[in-house]
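In what comes next, chain A is part of two complexes: it sits with chain B in the first one and with chain C in the second one.
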Partner chain A sequence: MISEQLLLDITKCSRCGKCTAICPMFEKTKGWDTGVARGKLLVSWGLARGELEINDKLIEALYQCPTCMLCEQECTAGAKVTEIIREARALIVERGASVPFSHRGTFDTVARITLRDGLHRDWLDLIKGDFRENGETVYFPGSLPYLEPVLDFDLGAARIISAAVTIFNRAGIRPAIITQLADSGHDAFWSGQYQFFNALKEKNSRLLAGTKMIVTTCAEDYSILKSEYSLEAGVYHISQFVRDLIREGKLAFSEGAERVTFHDPCRLGRHTGEYDAPREVLKTFVDYREMARYGKDAVCCGVGAWMNCNKYSKQLRLDRVKEAAEAADTLITACSKCLSHFSCLMTEPEKVEDLPEIKIVDFTEFVARNLKDT
Partner chain B sequence: MTDFEPLIIAFACNWCSYAASDVAGTSRSYYPANVRIVRVMCSGMVDPTYILRALAGGADGVLIAGCRPGDCHYISGNTKAEKMVERMKILLHRLGLENERLRLQWISSGEGGLFARTIEEMVDRLKELGPSPLKEGKGKGA
Partner chain C sequence: MDIIDELIQIVGQERASDDKTVLYAYSRDSSLITGMPDYVVRPVSTEEVAKIVSLASQRKIPIVPRGMGSGMEAGCVPVHGGIVLDLHNMDKILEVNTDCLYAVVEPGVIHANLNARLAEQDFFFAPDPASTDFCTIGGMIGTNASGMTCLKYGDTRKSVLGLEVVLPDGTIINTGSRTVKSDCGYDLTALFVGADGTLGVVTKAILKVIPRPRTRATVAAYFDELEKIGEVVVAIFATGVIPAACELLDRSAIKVINQYKPEIALPDVDAILIINLEGSAAAVEEEVAGVVSSCKKVGAIEVKTAATREEVDALWAGRRSVGSAIYRLDPKRASPNIGGDYGVPIKRLPEMLREVRRIAEESGIPMVAFGHVGDGNLHTHMPVNVLDEEELARAEKAGDAIYEAALKLGGTATPEHGIGASKIRWVKEESKSAYPLMLAIKKVFDPHNIMNPGKIFEIS
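Showing the complex of A and B:
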């Protein structure tokens, strides 16, 4: 149910149209008002008040949005757009409609399987480095080992997880990697499947009880663990963890001449407000360049929570990669979702017109690769 | 478990393996009744999610049966299926399921005997492996 407070928020909207000018998705769809925040708010209102019936158009209106928060940040009325859209999605799910996931919902099914107990999850052999299976300092790779086999290109799950372990080891820590942890529930939460999310949250909270520090390599996992879980342990994104290690003088890098730029994942940037940590880290050892739109104004990679991957989100992705290619030779991102979306685009150069040449690298992997041998 | 009867979901290609199951029937070959056959137009259209949902929904094994290499009605659907099955075996292993629960078999349209034998072999192997760990809490899955 959309709360009274949020319904009031919808009435704040003065239909000024700032969101129509700023929404990157709307720029591509060029559709009706339901394709942009002010229209989606009205749809949510209608749904909450029982004035609208659930049909394909309504589902499309509410799910054709990566909830990147750009409109919410710029909203002149200060309406909590993403929260309202999420609650409206929850209403749709509550009334029995299914979520229009991309990849035919494979990742949702994988998350449901991770919820089951009694399975001997076997992927620790992917990891090079020194780690333990229980402890107070936890590295949370989320569903990364499970994402890779579903996608038909190399996402580098083994490299990313090993890179994170290497960074821990350099700081003299043996991180705990708990294979029994379920999916973080980010996608369940943002697709409006609250019941499923709560089950995931309960399982993970139980397994994470008594830990002191949790580090994630994925921005989506970070945002959800930080804002929606109530954990005793401190939750850090790997960029913050590395920044702190550099400040303490525990990491040394070999300097490179590569021109590098950073794509702000919406979950790390606008959702949780961390813009500086990855930049501070990268600036210590490479020629760092900024894209035309960066930090608070960064544009989304096109897809949020494995929903709405279509021709529009692919255009968004292409735009972003082109923008990055103007600024640098390597595009770094700190979210496994952004990484998979950009990498997916780069796998089919023959199918995409004027695809620029650029390397897409995960933040964790890039940092570990440039560590100086000591 | 002695009375355990595994449940197999078979995705059979319309142009070969589904016909093979028909041949097995008309030639009165015996094969266990543990299999539920889903006819698909090509083994290449079987999506990872079909396999996962079958397993999450209580199947003990999944069989994907397609045309022999080079015989695909759509030129390359079966090679696509082969790659997909390889990746899914990795995924099942990482998720903690025995990857033998997933099997890919090339069966051309005349090979009713091979179809029957494949099901028999799978049932035997699944009986050794026991029920799928996902089977408990049936209905909780996708």
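Showing the complex of A and C:
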């Protein structure tokens, strides 16, 4: 369905071209105007008005964008770039074309499987710590357990989930890990598969009814639960949860001399506005350094929702890791996807020229690793 | 052979396209006018450009140069189809010679990137469109772009020393030289500047660069009567000062800025003048004193010399954002370029602004006015629902009324943004007896009218 508001929203793009100077993806492709927000919005207009048919280039134009929101943040005219792109993707999906997922769409398939009840959740056996099956305080691991089997490197899913449980336990909480929870639907939503997203949301909302607090370790899960679900429970990213525990004096850390920097996932930063919590936490126990581009100016890891991983997104990632290596010895991120993309890059030193030496560590795992007995 | 195959042969598969989606992305610039190209190509060298233009010439199909497409008058929109030459990949700064006051660049160099490079040597390329971060030198040459500082430093034409141009038949010529002065016959360099790509494709430019002023100061003066604006500008000139910028925000623009960035907190007055002074510390100090006293003499309610860098930056950021910030006022309305760029003799500015207010009232279309009053150049923006045909037509009529009023006051409808496809009518009306000569010049360069047809003139 094409709403008049969608069309009016597209007319908000003045086609000034400011985004050509901002979009990190366009800086890499240096290609056609379809590679920058302005072109993507014009293509969305053409699609919505029936002036363009779906073809490969149209799919590329609308999907080769991690919806990092950098252009939208800087757009003086206030064009809702990412929302329009997502709506245009929904039109593509509605008309039966397939989404250009990476990894042969396996993650999409896995998310679909989580819609079904009664799956064998043997990953739970790998989790260390004290948790329960139900309760008011929920830890939401999202798709983390399912990423690893598909990726051919060690993402540390079990370690991250265990780390989250450890943090809860240190604060005297036995979190609930509700095994039947489905994928958060972040990727379904951002790929324009609204029907599928609604099914995931409906299932999760039912299972989360009556809970009071939900903590996620992944920025994508956090942003989608917070912005697109209507949950009674408060939704927190683990960095906010840990920050509050520190403020309450419930956690203590062994201080380290390690130089550490933080990569702001776009879903945590620009999408939901949380820049401070992870920094406040890290600064309590490490030698914290900023990268050249950080906070609202941070550049994306290159891929959003497992779509269009290609040579350009890999270049973005490499740039980001190099930027981190200039500032620190360890790069922390707080999103399972950013972690996967950066880790993937580091697994191929022989294929990547000038790959810097830097450790990539998940925020939750890093925090838990440095906890000290109170 | 098909044209697309020939284009691919010239630039390779990656940089030539006839894909509908790709073409569609080149069907517009910052104006409302649309036109679908048949092909888009991204050349990277003069040789490639020359081959593409030769092909277009043989096949008699239009060729449309395009920089970053930030133009506001549809200059790069292929209104008659043909090949769009997307030149943004020709982005090399070829030579910087500040000792001899010049730089040589390819046309796709972004203005801000050139100035960042020149800043390393404390030099700059003076014309300063607000689109600095996203417009190319080629586009600036095409439109003879200017900006807030052109009062002191002149428009693009004043800063171009020489060009390499691919003519419509594919031959490559050079004009001008690497010297600041050149009287070598007719000034062809100046002719290509502001030609909207109708005479040839610029593939290289020798630009005049100058040392950056060492000191800069900003004065803001508030007025409760618009009438005083013309007077104050004249009073400033009378003190012997040529400001580097002299910008006006009228009541409507002040409101927009305050809505968009409340932290700037501009006062609720009829008009604000923002004046920049640049030069040596001693000269700037003297000029500030002259400007402050001129403003007071004419009756400014308050004159402020911005104390901190932040204050100065906030004021200028506010000024720069007006045009686009209007898009944020109403969820249903955009602010396409309609009646957006005109100029009048400085003393007649208050009359012009009163006309704008009258036209706004009569048309029922709210208008926001601001501009470079130091050179009599004003901009108007109107929030319009572009899906509402009646409202759009009303706005377009109001836009024409603004240009008519400017001409009646002895001004121009074509001061800054070039002509493109949208100001053809005004070129004819304004140039009057010189018009046939301009047409004749076009024919000398481009007898088959393949070079950006439908721009400046509509030749049948």
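Going forward, the second predicted complex is superposed on the first by the 371 of 374 C-alpha atoms of A that agree within 3 Å, B and C clash if a C-alpha of one lies under 4 Å from a C-alpha of the other, contacts with A are read in each partner's own complex, and residues count from 1 in each chain.
Heads up, the rule we're going with is that contacts are C-beta pairs under 8 Å (C-beta built on N, C-alpha and C of every residue); 3 or more make two chains touch, one makes a residue touch a chain.
Computed from a predicted model, the values in this text were never measured in an experiment.
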{"item": "Which of chain B and chain C A:33 touches, first, second, both or neither", "value": "second"}
{"item": "First, second, both or neither for A:16, with chain B first and chain C second", "value": "second"}
{"item": "Touching partner for A:77 - first (chain B), second (chain C), both, neither", "value": "second"}
{"item": "Partner chain in contact with A:108 - chain B first, chain C second, else both or neither", "value": "first"}
{"item": "Which superposed partner A:42 touches (first chain B, second chain C, both, neither)", "value": "second"}
{"item": "Chain C versus chain B, contacts on chain A by residue", "value": "C"}
{"item": "Chain A - residues contacting chain B, complex", "value": "103-106, 108-110, 112-114, 116, 118-123, 145-146, 149-150, 152"}
{"item": "List of chain B residues in touch with chain A within their complex", "value": "47-49, 52-53, 55-56, 83-84, 87-88, 90-91, 93-97, 133-134, 136-137, 140-142"}
{"item": "Of chain A, residues touching chain C in the complex", "value": "4-5, 7-8, 11-12, 14-21, 30-34, 38-39, 42-43, 46, 51-53, 55, 57-58, 61, 75-79"}
{"item": "Touching residues (chain side chain C, partner chain A) in the complex", "value": "14, 17, 19-22, 24-30, 40, 42, 68-70, 86, 88-89, 110, 112, 131, 133-135, 321, 323-325, 327-328, 331-332, 334-336, 385-387"}
